[in-house]
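Below is the structure I would like to discuss, written out as structure tokens.
All chains are identified by letter, namely A, B, C and D, in their written order; residue positions are counted from 1 within each chain.
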């Protein structure tokens, strides 16, 4: 019963098989392998972006930091949600890669709102040399609270950025989970909505460690290549990254897995709701922020369930006190395990 | 006939199988997987270093840059051979990770010499605040010219460093190839010879993408962990790095492969020598720098051989003119392919 | 009627004279001048800190950034008030000098509070490698809103920092104005209150361009010297910095000027209050944040007054609408000019 | 008898007087003072560059580092002479400001040669992402060995840079000394010779601490302003920088002083030559690298002469052994002091 994260499950066997299949003969290193040529084509087609520059790296933090660095000068600030991954969980990697740039946090209970974003941008406006200058806007989809921006919401945010002439990055570590939740196309959720560059995640959705960085403006390609190499993120045996991404994108495996993960989450949500749990945010993809009595947490812990309790001490305190927790479902979670989890209520 | 590099061949099937075997159930992310516990134990035993701090990253440049950053302040300089990998082939990654530190190049035709190193250190001595201060010494083993420092040579270099109170890094992208060439123990080639931190390569010797960074002084552990995360080199699904390294180190596979690569190189060297090729450096591991007539290069190219010609134009010029080239043998190279290569002379 | 800032007035003639006096014969460069020896002694005596390491730089941003960099690793975050100078007015200099570190903003309407600081530190606590680690706490005295932390308030803040084992920096660009407002000693407002390093401003209080950085822990001295040189802030003709600081500290000139500036501010405050102005913050040193009717602003502008209007359009709008502004008095402001300003009400 | 450097003498009284004269009334801060407007005009006229972007900073290292950062990406390398100031005497400031860029040293006994520069650029050519990419070429005029590139030599160097499409920076810490040695115009020694940006020194030639950075391509202006502020090199009370530069440029004071410094050097050179000293480099401006017997050094030291002995121990060794030293003459050096120096031979 592992609900702690979607970064701890297995690689989909079909993806693993692609790595095994790729393990024959010599292949050009550093992204010049033939599988990468196929992957580039796959992604350009999927995103209806025949000119897009497409690159692979192995971690989500690398994807975010390198993408943002291409759009942010060291004297600028990146605008992001207060609880975004780039702020909370990347140990200053975005600042490092962008040469000491700042992150400006948009206050947000759940999703970043256009008004809050506009206020933050306004605060930096005016051109004084003393202030951090405005750089990229980074939007997270699925958010760290398990929410999904609708296409309208996305477009409203990018409109604020465009109004200020700022580029837009999408942190899509859970891109697939959002896409299937919205039932839209990759193009609709990215460039058609005003996104300039996307971190297109694979790792959390069934790959071993691969993320694509997709620039809809290919003029950023050369700079990205230098930054990737200088960041030590250019793989010599690149074919094993390519193979993962190739397997991920073939025959809709990536959306199948995301649909399964979201369905697992929906089943768990329904069960929690039926058992009186409260929800801090309405689950929209594969993550749940819920609270329920300490006594249930205690039973779950005793039963071997693994997940993050956000506050409070599970072991000690009133049995009926509600404690909040985060529950994440990956594609490999089974109905049996979910039901087993729910049986502790 | 791929002799361009040892970064383009296949992963050893046993290592690939370990990745497949690891692909079951949930595993703790970010280096807390159980396989990593085994790998740590394996490496500590191999290096006779029960306290060593052991980490995995996916690229050699990451291993070098992160290791050096832990031993170099931004206002210092790293001493390295003129044609070292960190100077020539890492696109300023060491400077980036060390916060803008400098690389001071030790003039060297082949191996760095103690005298040349001492002269460079002396030039920086004296404590003036105006000059870059002295930081780590980085030694490459196998060198970029295919040479192997003897243990005496290594100790003479580290003695110069220790005399100046400087830490020593070993770039061991081809650690195994050097080890079997010297027929010594890992401890003898590292901490017993005065090395403080080693980049212990796996990628060039049959892994998909994994390098260990081994600190013999575990007090650097915490800093490394922050630097690795900030560099975006901490893998969530870390077990697939662990599995590679675990397979690599099991039952002596790593030295078996290195021995095979070196033997391949020796066979090719002997054949080249018999055919009148000249050697820029005496091959000691799995890399050859040789020159032979343009006409032979032309035949090899026509025959599909892949390798780097270092200077001159293969297509045009006197047939008998010698052109230098680099030839690298990995463990998977076969006698047949070597003989096929030699048949063009 | 220049009330825009205290960075635009003249240098006190006695300080200018010290620069002229210093202009004779050869002097050792780079801080080894004899005047600097005197300054070091003066500052150590003033601060009752015989071991303190004392350095001069020419700008407040340099003082802050270099001081903080000595106490903050690149993977850490500096805790500071939401509207501090280091956040709002230094164009990412602190991030630059600290190698890409982060600033964590403590929400504050006026002064940073211990509770808000503790909450921010708690949020970062726990040691996860994913998050920015906790670095220095930076307190501004006088704050950017013209407030002065009492000694009790200062000690309460540093107690929170010390509880978390974090070093404390004091941004004292207006150190003298705060000191005379509190009527305390330099030691009481710094190391006796738990401050580890202080940016001791001279520029805003009658010097041409000089700030001292004072480390109460002299073990930071060597690192600061490298950082200052690497930042290009080590002056060859250092005696002209020393002479300024020497003149500033001689015969209490520095506190005389601060007292005069604060008195100027008090006179202006009283006049504004008598005329019905509202105060956004209670003025405690030499800065006023007040609001009064647009019609008055219009008369002041027409009369040649220079100051920052914080929001709204002076030219257009209801005459009676209040607009907020910032008014700063330096030591050279005269009663006549203040009264002239007030005569527009 | 202070011959150690031209950074230790007095400020020219006329320049000091300009600072005193500027000390009246309020002035706009941060470079918006009226004196700066005049300085900008003066420099544009002097350099026959009506569009040039002109900025002032207080140290030569700031001028060099900020100028170079505007022309060098973090993944690039700056080409400079082996013994240039930016390599030897700036404690990694250029690397710091350029975000971790590299310096590639052009081997040179005295002046950088076009062939050596071309060879270094060629070594980096080819576009491989693995290598540091080619950035700016930095030429020092007067060189650190007291040599002056002729206009032909300058043009030959910049031609090599332009051939490779690289920008050219001139480190003119001793710009005036070179200019009067060549008897040419500022334009001839800069943009007409292919220079894109120049560090125009004042500090070593009679100012207290001021250098101009002059961009002949004004499109770099905005970036420089952000970099200067972020580097903490933007002065609030900027008028005192402006006043220095204004005085320096008025009525040819700057060239008068340089002519005097060079004449002092010529007198000392002639005297040394007459006394049998040997010259490591032929003095062409205001610096001498000469060797003469230890016994003379001993007499000079006893007589109070101050200068750098480059190697060897003055106190101990054969009296007749030659020791090399550096002797620098500033504008304020007198014939009497020179003759007094020579009287020790």
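The criterion applied here is as follows: a residue touches a chain if its C-beta (ideal position, glycine included) is under 8 Å from a C-beta of that chain, and two chains touch if they have at least 3 such contacts.
Small disclaimer: the values here were computed from a predicted structure and weren't measured.
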Set of chains whose contacts include both chain D and chain B: A, C
Longest centre-to-centre distance from chain D, chain (CA-based): A
Whole-Å gap between the CA centroids of chain C and chain D: 34
Euclidean distance of C-alpha centroids - chain A vs chain C, Å: 41
Centroid spacing, where centroids are CA-atom means, of chain A and chain D in whole angstrom: 51
Touching two or more other chains - residues of chain A: 74-75, 90-92, 96, 99-100, 129-130, 133, 226, 229-230, 234
Complex interface listing, chain A residues touching chain C: 74-77, 88-92, 95-96, 98-103, 105, 129-133
Interfacial residue positions of chain A with respect to chain D in the complex: 30, 73-75, 99-100, 129-130, 133, 223, 225-227, 229-230, 234
Interfacial residue positions of chain D with respect to chain C in the complex: 2, 5, 7-11, 13, 16, 19-20, 23-29, 57-62, 65-66, 90-93, 96-97, 203-204, 208-209, 226, 229-237, 240, 306
